[in-house]
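Below: a set of structures, written as structure tokens.
In the two assemblies presented below, chain A is common to both, partnered first by chain B and then by chain C.
Up next is the complex of A and B:
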């Protein structure tokens, strides 16, 4: 159990270092960096590489935003396997739903509960 | 002054980014967030009978919830100033982008403020995530139908 926490720490940390290098060395904006990482995640799942990565790193692979691209592709492929081309469209949000719905639900709740303290960066 | 020499002057004057230090901070911050995510998924595995793979969905939702609390009290902004990409790349950064936009635009009303602006910062991630997933899945489906590869 401790081992998998340490692996999650190291792998998750390294994924964030890649993001930081895209910020600092490639001089991309955060929006460009995060979009790029999501695209990388979805392409990796197309090659079937992201699931083994999750098996190895656990939360180190599922918490970074790359897993968002992975689960979008994964849902689409799962449905495509059952229903062919229509599944590519219908399965898209099947696996990802929790991240987006949580962000929307907690976003509205936060807007009800909290007040803006001046500038939010 | 043409564009090239302007860029040269900008590069001379702009402060050098401490890349190594930033990377270490990002590693530490991102690592800690992922380690917490791992602990949360243990809770779902042992107390709510999720498996290793299915635990990732409720853990992501829980991390977004934690992000809401930290964002609401203005703590996530401080973590972001220290951690850089270490706080932006994990899903908590995605949550922070959505939630901080929601709080910030509350004064413009719940429809025109919160509703319209919520995905202002996080929108590109969803848009290009969905589009690239569509392209990847389409290509793979075509290749499978042609018999080039299998699922």
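Up next is the complex of A and C:
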């Protein structure tokens, strides 16, 4: 248990280090970095590499945004097996729908309750 | 011979009144005793940031008129601008003020480009009172040029903080006992191929240097209390100092360089490299610096407002950030 927590912490942290390097060294914007991480997760799953990564790192692999890309591909492939080409379209959001809906719903709640203001670092 | 863009105003038009107002965060500024009004609400009591921006401009222009003992109908022309798309905050404020109006855009250098333009109008004697100035409102500007406010994106140490504030003045014919515009240098657009919108100081420093060099070359032998750039920030200001040191411009009798953006928030580290925005130079120049000129603390100063001429779209399309700097020399007899 303790060992898997430590592995998750270190691996998840390393994924974030890659993101930070994309900001600071490659000078990518947050939007570009986010998209790139999603695409990387998606491509890795396409080659069947993300599942072993989750088996190894657990939350260290499922919490970073790369896991969202993994879920997109995963859902698409799963549904494609059952329903053919149309399954690619329906499956993409099947696994990820809870994440997307949660983002929208909590976003709306926050927007109703709070007023945005500048963030002093 | 190539024109340098430097002009002297023989009629010595005087800045007869100014007013400066800022938002709540700007209270921490070491300049705050010279701000005429500090709003408690960053939206200036309005429903949206943009409406607040407009209200700030309208209030501050009214203040400049009242402080000078004038009325709005005395104003021949309002020359002003801001950073928001199509300059709606200034345009909407001008709708309320109902004076003759022309919008000016030189990004954060509008504070000085508007004063220079006003000086030419005064020089022709066709006008008696021209109001000039610029403003910015933090949230309205940051969400346009950087990230949505809600997003709370972190900035690198070279990042700057857009000032909520506006500074406006009224330029009239020469009056003894009031600071006057001695000369000005209209800058040219410089591009050092910088592409990072979170490091505008580095992009603007060469433009400031070019304008300072041109102005001082035309005014050799003049001694200045100081030369103050607009919003290079701590980072950009150190680059300017390097440029000056390596070129020997300091031999023109200037040894005191300052930057409004670097000084604006004092040593508060949370504001990173310092202040920026059209309201940065406008509030410092027409608030504390004007007050000190008026009090006789300074005799001759050079104000060099700097502007980064990018748009969010030009940045996304990978364009570099061209910059400009306009200089105005103020004197007090």
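The rule we apply is simple: the second predicted complex is superposed on the first by the 116 of 121 C-alpha atoms of A that agree within 3 Å, B and C clash if a C-alpha of one lies under 4 Å from a C-alpha of the other, contacts with A are read in each partner's own complex, and residues count from 1 in each chain.
Just so it is clear, contacts are C-beta pairs under 8 Å (C-beta built on N, C-alpha and C of every residue); 3 or more make two chains touch, one makes a residue touch a chain.
Keep in mind the model is a prediction, meaning the values are calculated, not measured.
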item	value
Contacts of A:30 with chain B and chain C, given as first, second, both or neither	both
Chain B versus chain C as contact partner of A:56, first or second or both or neither	neither
Which of chain B and chain C A:116 touches, first, second, both or neither	both
Greater residue coverage of chain A in the superposed arrangement, chain B or chain C	B
Chain B versus chain C as contact partner of A:85, first or second or both or neither	first
First (chain B), second (chain C), both or neither touched by A:15	first
Touched partner set for A:38, first chain B, second chain C, both or neither	first
First, second, both or neither for A:68, with chain B first and chain C second	first
Common interface residues of chain A - those touching chain B in one complex and chain C in the other	24, 30, 110-111, 116-117, 120-121
Touch list for chain B against partner chain A, complex	17, 19, 22-23, 25-35, 37-42, 52-53, 56-61, 63-65, 67-68, 71-74, 77, 80, 83-86, 88-95, 98-104, 106-107, 110, 114, 118, 121-122, 124-130, 132-134, 136-141, 145, 151
Residues of chain A that touch chain C when the two form their complex	24, 27, 30, 110-111, 116-121
In the complex, chain A residues that touch chain B	1, 4-6, 8-17, 19-25, 30-31, 33-35, 37-39, 41-43, 45-46, 54-55, 58-60, 62-65, 67-69, 72-73, 75-77, 80-81, 84-85, 87-89, 91-92, 95, 97-104, 106-111, 113-117, 120-121
Chain A-facing residues of chain C, complex	25, 42, 138-139, 142, 147-156, 161, 195-196, 270-272
